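Order as written gives the chain letters A, B, C and D; numbering starts at 1 within each chain.
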Amino acid sequence: MLFRSSYCRNFDNVFKTAKGSIIKSVDEKEYIDFFCGAGALNYGHNHSYIKQKLVDYILQDGIVHSLDMYTEKKAEFLDFFEKNILIPRGYDYKVQFVGPTGTNAVEAALKLARKVKKRSTIWSLIGAFHGMTLGSLALTSDEASRKGAGVSLSNVVHMPNEFTEGVDSIAYMEGILKDDHSGFEKPAAIIIETVQAEGGIWVFSKKWLQDLRALCDKYDILLIVDDIQVGCARTGTFFSFERAEIIPDIVTLSKSIGGYGIPFALTLFKKELDLWNPGEHNGTFRGHQLAMVASKASLEVFLNDHVEEMAKKRESIIQEFLEDIKKEYPNYLIRGIGCIFGIDVQDGDLSKKIVQNCFKNGLILERAGRKDSVVKIMPSLIIEEDLLKKGLTILKESIKEAERG
Amino acid sequence: MLFRSSYCRNFDNVFKTAKGSIIKSVDEKEYIDFFCGAGALNYGHNHSYIKQKLVDYILQDGIVHSLDMYTEKKAEFLDFFEKNILIPRGYDYKVQFVGPTGTNAVEAALKLARKVKKRSTIWSLIGAFHGMTLGSLALTSDEASRKGAGVSLSNVVHMPNEFTEGVDSIAYMEGILKDDHSGFEKPAAIIIETVQAEGGIWVFSKKWLQDLRALCDKYDILLIVDDIQVGCARTGTFFSFERAEIIPDIVTLSKSIGGYGIPFALTLFKKELDLWNPGEHNGTFRGHQLAMVASKASLEVFLNDHVEEMAKKRESIIQEFLEDIKKEYPNYLIRGIGCIFGIDVQDGDLSKKIVQNCFKNGLILERAGRKDSVVKIMPSLIIEEDLLKKGLTILKESIKEAERG
Amino acid sequence: MLFRSSYCRNFDNVFKTAKGSIIKSVDEKEYIDFFCGAGALNYGHNHSYIKQKLVDYILQDGIVHSLDMYTEKKAEFLDFFEKNILIPRGYDYKVQFVGPTGTNAVEAALKLARKVKKRSTIWSLIGAFHGMTLGSLALTSDEASRKGAGVSLSNVVHMPNEFTEGVDSIAYMEGILKDDHSGFEKPAAIIIETVQAEGGIWVFSKKWLQDLRALCDKYDILLIVDDIQVGCARTGTFFSFERAEIIPDIVTLSKSIGGYGIPFALTLFKKELDLWNPGEHNGTFRGHQLAMVASKASLEVFLNDHVEEMAKKRESIIQEFLEDIKKEYPNYLIRGIGCIFGIDVQDGDLSKKIVQNCFKNGLILERAGRKDSVVKIMPSLIIEEDLLKKGLTILKESIKEAERG
Amino acid sequence: MLFRSSYCRNFDNVFKTAKGSIIKSVDEKEYIDFFCGAGALNYGHNHSYIKQKLVDYILQDGIVHSLDMYTEKKAEFLDFFEKNILIPRGYDYKVQFVGPTGTNAVEAALKLARKVKKRSTIWSLIGAFHGMTLGSLALTSDEASRKGAGVSLSNVVHMPNEFTEGVDSIAYMEGILKDDHSGFEKPAAIIIETVQAEGGIWVFSKKWLQDLRALCDKYDILLIVDDIQVGCARTGTFFSFERAEIIPDIVTLSKSIGGYGIPFALTLFKKELDLWNPGEHNGTFRGHQLAMVASKASLEVFLNDHVEEMAKKRESIIQEFLEDIKKEYPNYLIRGIGCIFGIDVQDGDLSKKIVQNCFKNGLILERAGRKDSVVKIMPSLIIEEDLLKKGLTILKESIKEAERG
């Protein structure tokens, strides 16, 4: 029986157990994980604290599936999330449980934005990735994914971003919004990642993000931040937009908000936007209690272990390493922040060889970006420093091998 | 903090633990569950055998999140599913792991069908429910859900079904397909539930299903069966279409395939349809190992406990009960099969009162159908017979109360 | 230089002059015209009265092109049309000058209906033809035309009509409108031809038209009658819907409203629907004064010559002829009214041969309907009776020849 | 009876006759015409030579309406057009007769481009105007027209043009075409006006037009030039793109190609693009013979009177005048070429006052552009020089009046 896969091709082994940043295959080989479940494992694999909470809950027959009925664990999660994550940051969001995948959180955000603003168009950015179901796929920018739709993807327009050549993106967008002959409908919302991950690790500047927020305010457009991959402290702060001191109108969370690699997704929105009717965006697995138990436990880890600081420490280590790489390979482009970095080797075959060498040498990482030419470094935020360095050394060796031909 | 909900309104209590067909609230009140997580809990809550497997796997640090890398548990699941479910039924499907929600399985099915047939239109049925993300929402028929889209839902046309008044549905569809002036594009696929659940429990006849299969064959159209709610033995056989002796080209599974209320979804398709490119429909949580462990364990339960037979036994009990109800309330319409039945009381206020009375009296069930006038009976397939009868008695009393006004 | 054509293929000669129902080719051959410019020549070619008015106007340098500025001739036309056509029939329509083609009148009707009702969907009928620009093409039902779009045709749904097999069309539509799980959005309008011409000459019954009008009223839906081909007395009354005693909310006119084969089109709508902004549906040739001059003159002909009565007389002659045909060829299906009739020979090759024979024998007519199997009889409404009979005799001979093989 | 209008509001009189560049109202007032039927009257009103041909043809009962049958006059027109317009310029286009409005020519161009390239997207430019039926309306950029659609306008994306601020338009488009993560589908065609007329008289430079042609060639995209308003020598050469020495793949013509203000439209395309099926884009008034007669006569005028030279002479007179205006009102922006110029007074109220003053003083012209702030000068190409100067003097006085407040 053949099973469908995309990542499998690069990782030709069968995996069995995992702990922290080490994955073991059935043949007992150990791999350092710089892939992190595409951002779903910010606290590493099978974190002991979360694991304990999970097992305890299962053993005492805590309700596992409850749709969106009220439960003890849902109340505890919401309470904890509000008191320890939202309020300290001055946020006043409502929390919506959506189907437990990122794309579902995005689809809910789109529905809400369109409903609130009574406009059908959403602006997405060149380079964006927001999911694979039809609504979010329209936002996603890569050709291969879009072609999979089999239908015309409508009601979304892509806009240039800070790094698009030949254009001042904010001025261009404002020009369009002011022009009564632009041909563009005013959007209900602009959706962004503050760091475009799949697009090739592009970190939007604080100034650009603030200018975009100001543009949205000026023209009565909602700003949606998709923090599915780079939220949960991946960039060094819990929400990736904290560094820009902006407050989005809607935020989507998934991946690491599940804490333990368990499917979970949330859509946060400002209270005044709550125009949902009952059941208007439902789904069977919104009330997955194991995710709530794991998520709350992971937030405890986040706070108690000062994960933001840990992430920043690891950022320094990676940056130092990348400066070395840049010296050796001056044509490489280095981009990133926190614990998400990319080495753009500007050649899809070379990046492939590097990733394959890494795997052979015991390091798992993935590629991203245009023509897949970016080697993506995305370790756990709490990876042991030694292991991080060991992984980086393997990466260096693997580049060397690949460059040798 | 207000949390979004649709079902919550009817079930005004806070739940804590669950076992089999009993849910307990924080105030220690016990409720019999005839709702079954909207079909996600065919084996009841927290089944001991599955639970043990799950806890064992977690305790030994089995890898939990692995995207679509190869894993020991994935191989075991696939192997087991093929040998024990597919092969004995003579099916030759490939199994695709999709994002762990039903809507995701449907979106994948649509992409595949459109790609294979190079046509953009899909036909869905009046009364259908297939999900809430933009692609599957276009298939879904209820007005309230559709309005939530905020955009025009295109590339899908709804067709009459066996029970649509004033039309011979198969003849009508064939007429359209033959007519070069019909105005209808030939569809890539027709997607159906063999029992429309959310539409109000409508069981398509064996003959109608066979006629539809023949129509699809004659006009080179794929037949997709969405078995998300009524698969996994809900109707008395593992796949709901077994009773009609038809083989769909594509099958979507979710809900009870997760076994323990854990998010999981699969899209099955005939081998010759496999035109996917790598990564063409990806998603972070496709490799959720806990679901694979739980799912395999649940399939063991299914086989070892002869769940198909158990379901049929419970079907008889429910039918007997409903005959009584029908005698007492001859204007009620009774529809159903296996362990999914509906009492169409033909009045949305009355159905609401009944459900509220049930809850007050210790029974959880939900409504469905036009104007929500159908009381939906959907217990676990392995509910203890006494408990089933107790639940039915509560239902009867609650109807009586409601009818008294 | 090759010139694009569709009809040319059947009529392999070069035409030069025309008068009444006779067209002459450069080689001085005469043809009787039963095609009538696809309905644009109800008063025959180059009617002397209209011709005189036209030449006079040109000679005195009447303004020819005036966009939508006020002109003497526009005022005269409107005044005449209102006093002599609308008021005597009890109609209270506003008259909008649209771009001078039928499709433009339809596009204007769609915009207005969608704007008034704030709904995007329009219902069209199986078998319909309403034009070839993208908005009206979505209404048109034949596969060949639709495929030419090159994009998905959206916001239109086709409904069964009185003659669609296997369905009670009115009951089916009402079922959909009442059902909150139909999957169909409520339309802004239903657009129909009272006689489907291109679809194969299908004459809707008075009862069906009245039932449809009642359905529209009951569900707050606009009724648009496209009278482009069968208006201007083609069916025996000026507006084709007079026989059904219904009043549409919007009416589109083109073809014979131009009077002399000159491009002209109008959209009529009930006064309370006038929500147009200035310039919201403009176009360069709306103020084509020659058309207004010719149109007014043709309306004078219509009144003075009692064209309605003439049409009815010719109807009898055609009917008598067709009864004969039917006797000889009992498998033919005869349909029609007024001066538009179809002989459905149920075979596209046979109909082609018949039309080719006719042309060879000096009669021009065209085919319509499914697989082009319908021979369409559409003479001028004022054709001389002898000429009509002569044409019918040629047709009979040509059928005989074709049937001989 | 109220009649619908957009232009009427500014021109509050009733017009009766017209000759050359003078229009007369019923009260015998004379107006100089700088509006020229929005570009439909390049040879002025009722040109005597064309008039004679037209009257002769009508008087001898030349066939007026012939759909797309072969006719003597069609052959003569095509022959003349090919020999005298196309061949001398080295063009090898096929000529398609489409419904006699500009929007119809554009709709045909879109269908053909999409069919040839098997892609659904078309790129249009910010500031563009291409018509009002649904397909061409999607290309049109002004908000007011677009809102009239009542549906989402899809399969078209607007691109920045040479004058869009904050962006190097060609580089931006190329960036998108090269980027596999742009989110933009590759278009079948790019459609442009070489001078955006309705957008506010923006003359694209020779270099920009050549760069665009090169971009299209490089990426296998068709270039469509919409020459409906600025073709037929309006810019000084018969086709507006001659000055840029580029050859479009498809060209749309209407307005002045009719010669006498008579509805007419053509779509020209390179021979190798001819993938039309018979009847794939038909329409009743494609065979309007009066237009062919008038059109051929107008081409004779064009050649015999050396209209290209006449246009250039008038261009000098207008330019001289505008230099004066610019000196007096340095904040005005002057744009234009040939006999189409705009004075952008940058204030919609001011431009309105100017146009109203002009009308009062005996000069008809219109506004265009953003917020309608551009006063548009568009006289006949063969207007008497004295009359042109007189009109310009009226304009100057009217500006003065308006500026005084």
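Just so it is clear, a contact is a pair of C-beta atoms (placed from the backbone, for glycine too) under 8 Å apart; a residue touches a chain by one contact, two chains touch by 3 or more.
Owing to the predicted nature of the structure, the values given are computational and were not obtained by experimental measurement.
Engineer: Determine the set of chains touching chain A that also touch chain B.
Structural biologist: Output, common partners of chain A and chain B: C, D.
Engineer: Between 0 and 180 degrees, and as a multiple of 5, what angle does the rotation take that fits chain B onto chain C by Cα atoms?
Structural biologist: A turn of 180 degrees brings the C-alpha atoms of chain B onto chain C.
Engineer: If I rank C-D and B-D by number of C-beta contact pairs, which comes first?
Structural biologist: Between B-D and C-D, contacts are more numerous in C-D.
Engineer: Starting from the mean Cα coordinates of chain A and chain D, work out the distance between those two points in Å.
Structural biologist: Distance between chain centres, rounded to whole Å: 50 Å.
Engineer: Using Cα averages as centroids, what's the distance between chain C and chain D in whole Å?
Structural biologist: 30
Engineer: Quick check: how many Å separate the C-alpha centres of chain B and chain D?
Structural biologist: 58
Engineer: What are the residues of chain C that contact at least two other chains?
Structural biologist: 120, 144, 151-152, 154-155
Engineer: In the complex formed with chain D, which residues of chain A make contact?
Structural biologist: It is residues 120, 124-128, 139-144, 146, 152, 154-158, 160, 164-168, 171-172, 175-176, 179-185, 199-200, 369-371 of chain A that touch chain D.
Engineer: Which part of chain A faces chain B closely enough to touch in the complex?
Structural biologist: It is residues 1-9, 11-19, 23, 26, 35, 37-41, 45-46, 51, 54-55, 58-72, 74-75, 78-79, 82, 94-97, 99-104, 107, 110-111, 113-115, 120, 131-136, 138, 144-145, 147-152, 154-155, 188, 254-255, 260-263, 274, 276-285, 288, 290 of chain A that touch chain B.
Engineer: Show which residues of chain C lie in contact with chain A when the two form their complex.
Structural biologist: Contacts found on chain C: 151-152.
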